[in-house]
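Both of the next two complexes hold subunit A, though its partner changes from subunit B to subunit C.
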Partner chain A sequence: MNRLLRSLGPVMTTVIVLLSGVWVVGMIIAPQLIMVEQSFWTKDRSGDAVVISVRIDRLYNEIDVLRFDKTDAEALAPSPRRDAKIAGIEAIIADKQVAIADLEARETTPEKVYSLRNYTIMGQAHLAVFVKTILASVAVTLIAFVVCYPMAYAVAKLATPGKAAIIMLGLIIPYAINELLRVFAWLMILNHNGVANYLLGLIGVGPVPFLESGAGVFVAMVYAYILFMVFPIYNTIETLDTAQIEAARDLGAPTWQIHRRVVMPHAKPGIAVGCIMTFMLSAGSYAVPYIMTRGTAEPWFTQLIYNKFFESSNWNTGSAYAFTLLVACIVFVFLVMRMFNVNIKDIAK
Partner chain B sequence: MRGMDIELDNVSIEFGDFTAVSPTDLKIKAGEFFSILGPSGCGKTTILRVISGFLNPTTGEIRIGGEPMTGVGPHKRPTAMIFQNLALFPLMPVWENVAFGLEMRGWAKARRRDKAFELLDLVALGDQAEKMPDELSGGQRQRVAVARALAVEPAVLLLDEPLSALDLKLRQHMRSELRDIQRRTGVTFIYITHDQGEALTMSDRIAVMRAGVIEQVDTPDLVYDAPATAFAATFVGANNVFRGHIASHDGDMAVVETKHGALRGRNPRQVAVGGAVFLFVRPEKMRVLSAAGGKENSIDVTFERRDLEGPFVNLFFRREDDVFSAHLVNAGAMAHDPPARMGICFDPRDGMILPVGDMADE
Partner chain C sequence: MTAVSQTAVGQGSRLVFNVYMVIFFAYMFLPLILMVAAGFNDFSTPSVTVWRGFTLKWFAVLAQDSRMWSGLVNSLIIAVAVIAVSLPLGLAGAFLMTRLESRYRGLLYGVMVSPLLTPGIILGISTLIFWRETGVSGGLFTASVAQATYISSYAMLMFMARLERQDITLEEAAMDLGASHIQVFRRITVPFLKPTILTASVIAFLQSFENYNTTIFSIGASHTLVTEIGSRMRFGLTPAVNVIGIIFVAVTILCATTYVIFREREKARAVAVRG
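So, the complex of A and B:
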């Protein structure tokens, strides 16, 4: 802090401290805190709620009756008695209106009851979807790794600089296209009467129900998130001294051993980052499974969260679902880090 | 371990339009410490990579122990390479580095561990076996690289300027260490360097290389005392140069007419009368006189500068645009307090006449 002050001066230091504060609060603490808080309470509408609504209705009726009385009173010839009567009625109406406002406030903001209820009400079906989502995301991650590792290695170590640039460009271009567009394109390819089935039909196979079997989600996801696997791995492999690969080969290592003993250990942080990113994006993906299945195959867990929020209007359960997914993702991150024996510092590099 | 001989038969290496190595014939004897000496970019590392199998020659054939190596990969050749930056595996402890080649040959863990420790004892690193390469000093890492290469019992060890990253003291120490290991194991060493000191002290024979061409292959003594070309004469050690043309012959000697007068020297290449030549004289062969006085091979010069090297001094003289130097033992009046006008001369047997050619850049 003092060093910052010395090298940047008071103004810049204040700006930096403020910005970091905004980042930590706005990006890390606040959203999680709000979500977690939301997930731990339920609205208590039981029993009482019906009574309140009946009482409100009754009060409105009474006010209507009193207004008639007031109109009748106003029709009388002016006299002190009439004025007193009107004033009396108005006072009663005002009282009742206060009572209504109070009751309505109780009805629209029912009492929060803190409990673990939101976490315990997940049914068998939803739990199955949750487990399936996690397993499927692991599978997407593995497929992406199998596809990306050789590609990253080839670009980093085998291609000439010119060719590497072209391949990289080829990898980046699809990402300049809107994600929805890309996913819809795959939808058209894998559709029942899409390009893939047309080609399969030419050799007398199919039609294969890509979308209905859920395979379409895999294909589209691997495609959608492949770059997040390629780049971290590519970056780490690129820093590997080529002489080490040659040394291993010179000492008699076959290709797979060179990768097992030299390249992969070096690329471990990149592989870990790639796996974590791909897993997080797949597990948290909403658009891809939504578009690719359209209700014909089992939904992704994110779709259930969406439904809780916007279809059953139960934000509390939705929050609990979302938080459960977050916890699962964090557990996955730690598992991966443990498995690859890397720590946060390696990953930050 | 037994060394094998290596033959390069008309080997040339081209990268597109660029000729890295012109067609070359070379025979390296079994058990020899052979150095390839040349400036950077002369193609010496390329030759090493071809011998190791990482590169294929454009033309010609390589034979190791009489066996043609065409189509044989680096891991199948009886060679092991020590890389310029050593290329130790940073994520493995020292002993695993040394045992790597044995692991790849399917040795059981206990057995390869024993062998690795044995090799580490050979290079006096037995107590460092469990450390990571990063924890060792430069010289220790160097020895790990040697042990790792020797573990696979190669017949030929290829060394690509492995000492260039070390500081001077350590470099000198490692020279004798490498020489010693070579003698004890009997493995053929092919040593790439741009450092003439390394080549002269360690080698049985040296190949002097320039721009893809091997200009001379000889023992260190002959490379130094009887360079074959102007480049060899100037790249290996310092030399005084006189330009001129041959005026007359007498046996294996000749007289060269230079702008500083007629000078006599040996003419091993038998350059004909009238041929343009350089006459080279080593600074340590140059004698310093208080005045030229008309002696044979003597010229008048003015004293310019004295550089002290400790046991030796280098004196620099000027005559017209040419600068000459003499390397003297730091003793006597001339070494300490040279007069402004003096003479230098040399024995005709110490003058080396060679055809005009490119010299090494200073």
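So, the complex of A and C:
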């Protein structure tokens, strides 16, 4: 606090703390907590409601019987015993009416029931989609790394400055073009009557159902997110002193050893960031499967989440699905940080 | 540098490298070229395999598309709101991170950058749920808030990078000479941050304008240009979508070229200064 207060004064320090608080608590932490909380309860309408209405009906019947008893009692000759009996019956009726009112209130506003049901109803089919999404995202990440590492190294260390600038431009342009349009370009290629099937048709191969088989989603996803691997790796390799590479070469290290022992250790934070970004974007992508499957192939996990929220409007189950995805991403982030031995400070740069 | 790369790479690997470059850039650009070409094709669905001649009519079709125009207006409204929210939040966060001396700083930093590592759809959903609790349903407001959650993180990182290079003695000298905190902030800190304010605004605008995943989960029944493009790609595909692609590609090439030229100049200047 000290340095902050000294350099900015009490007024601005207060403003800064307030703004940060709004952001950290009001925009980051609270929404996540509410989502998680919501994923752990269900509003039990279906099962409980039946039980409650049966109980209400039974109470009404009992009251009717009591009223008969009361009229019977009123027909007796006036006596203190008769009055006591009537008063007793009235008291019981009043009790039952209170109970009915209570049950009816519960019937209209169903109670929150905390349970793991939102998670356990995921079932085999949805679990399979989740596993497929995670595995496919890992595959996208690996492919992106294999393709992008040489490119990042080439731009940072091999190309002449002029050439590097042109290659850089060639990377930035596709990177900056909207994700949807890049996916759409592949839709045109892999469509039933797209470019790929046209070319295959020329050599006599019948139309291949790229989109329906789910291959289209994967191909477009690699294309859409591959460049998120290039720039972080490039940024770290660029800071590597070229003399180190030369020294290794002069000492007789073969190329793969130079990369394994000199370049990659230096580029670790960049590789970690690239992997995290590529994985997170793939696993959390809604755009790519939305456009590439057109409802014909097996869905991506994000589409299940969307359907829970906006089609079957089951927000509690949707929250559970969303939280499952979030946990998968957090686990991935920590795994990568462990694997590359980097911390969050190195990552966000 | 040139000499190094000549000696460091043999003839064989140079060939491999060149082939790799050609394949990589063909992979990157051919799909985009096909998409652009289909925008000029006089055929009712986006295609390059069935060529019916060159036309500009899809530009006219797009110009009359009212939903696209309203989407554009919504996108601009959200982008302006996001800039107005995420720059102050990011700057506040950056001040805390560079000037707060506390052992919770690391944890706080982790929370502040966490939106960048969270899938966009989850930011969208959690914002929607949070605001529904207070009675606000999905729309431009929730979309702006959801986007600002992570765009503030970008702004914070940019401001942090700048503040870390700040010469703090300047502020201290001004204070010794009797300037108030507000004066120091206005006359020294803000001018120092100005270039970053500009770049952060541009980045925030682009991030917001281009966003799909966070927006589609938080915008409710409303739409932006990009979410509208998304639904057109799935339902009622016409070459008007390709025309949007052409416009995006043209604007992107223009901006990227400007950026790279600017960057190269900065680099050259830095080298010149270092001697």
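Criterion: the second predicted complex is superposed on the first by the 271 of 349 C-alpha atoms of A that agree within 3 Å, B and C clash if a C-alpha of one lies under 4 Å from a C-alpha of the other, contacts with A are read in each partner's own complex, and residues count from 1 in each chain.
In this text, contacts are C-beta pairs under 8 Å (C-beta built on N, C-alpha and C of every residue); 3 or more make two chains touch, one makes a residue touch a chain.
Note that the coordinates shown come from a computational prediction; the quantities given were computed from them, not determined experimentally.
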* Structure fact -> Chosen between subunit B and subunit C, the partner touching more subunit A residues is C
* Now for A:Q257: first (subunit B), second (subunit C), both, or neither, which partner does it touch? -> first
* Asked: Who does A:A185 touch here: subunit B (first), subunit C (second), both, or neither?
  -> second
* To do: Name the contact category of A:N2: first (subunit B only), second (subunit C only), both, or neither.
  => second
* Asked: Once the shared chain is lined up, is A:Q32 touching subunit B (first), subunit C (second), both, or neither of them?
  -> second
* So, A:V17: does it touch subunit B (first), subunit C (second), both, or neither? -> second
* Based on the superposed arrangement, let me know which partner A:P161 touches: subunit B (first), subunit C (second), both, or neither? => second
* **Contacts of A:R249 with subunit B and subunit C, given as first, second, both or neither** => both
* Structure fact -> subunit A residues where the subunit B and subunit C footprints coincide 246, 249
* Touching subunit C in the complex: which residues of subunit A? -> 1-4, 7-9, 11-12, 15-17, 19-20, 22-24, 27-32, 34-35, 38, 147, 150-151, 154, 157-161, 165, 167-174, 176-189, 193-195, 198, 223, 227, 242, 245-246, 249, 255, 276, 280-281, 283-287, 290-291, 294-295, 302, 305-306, 309, 315, 318-319, 322, 325-326, 329, 333, 344-345, 347-349
* Asked: Can you name the residues of subunit A that touch subunit B in the complex?
  -> 241, 243-244, 246-254, 257, 261-262, 265-266
* Flag every residue of subunit B that touches subunit A in the complex, lowest number first. => 52, 54, 73-75, 79-81, 83-85, 87, 89, 91-92, 100-101, 103-105, 148-149, 151-152
* Asked: Any idea which subunit C residues touch subunit A in the complex?
  -> 1-2, 4-5, 8-9, 13, 17, 20-21, 24-25, 27-29, 31-32, 34-35, 38, 46-50, 88-89, 92-93, 95-96, 99-102, 106, 108-123, 125-130, 133, 145, 148-149, 152-153, 157, 168, 171-172, 180-182, 184-185, 206, 210, 212-213, 216-217, 226, 229-230, 233-234, 241, 244-245, 248-249, 252-253, 255-257, 259-260, 263-264, 267
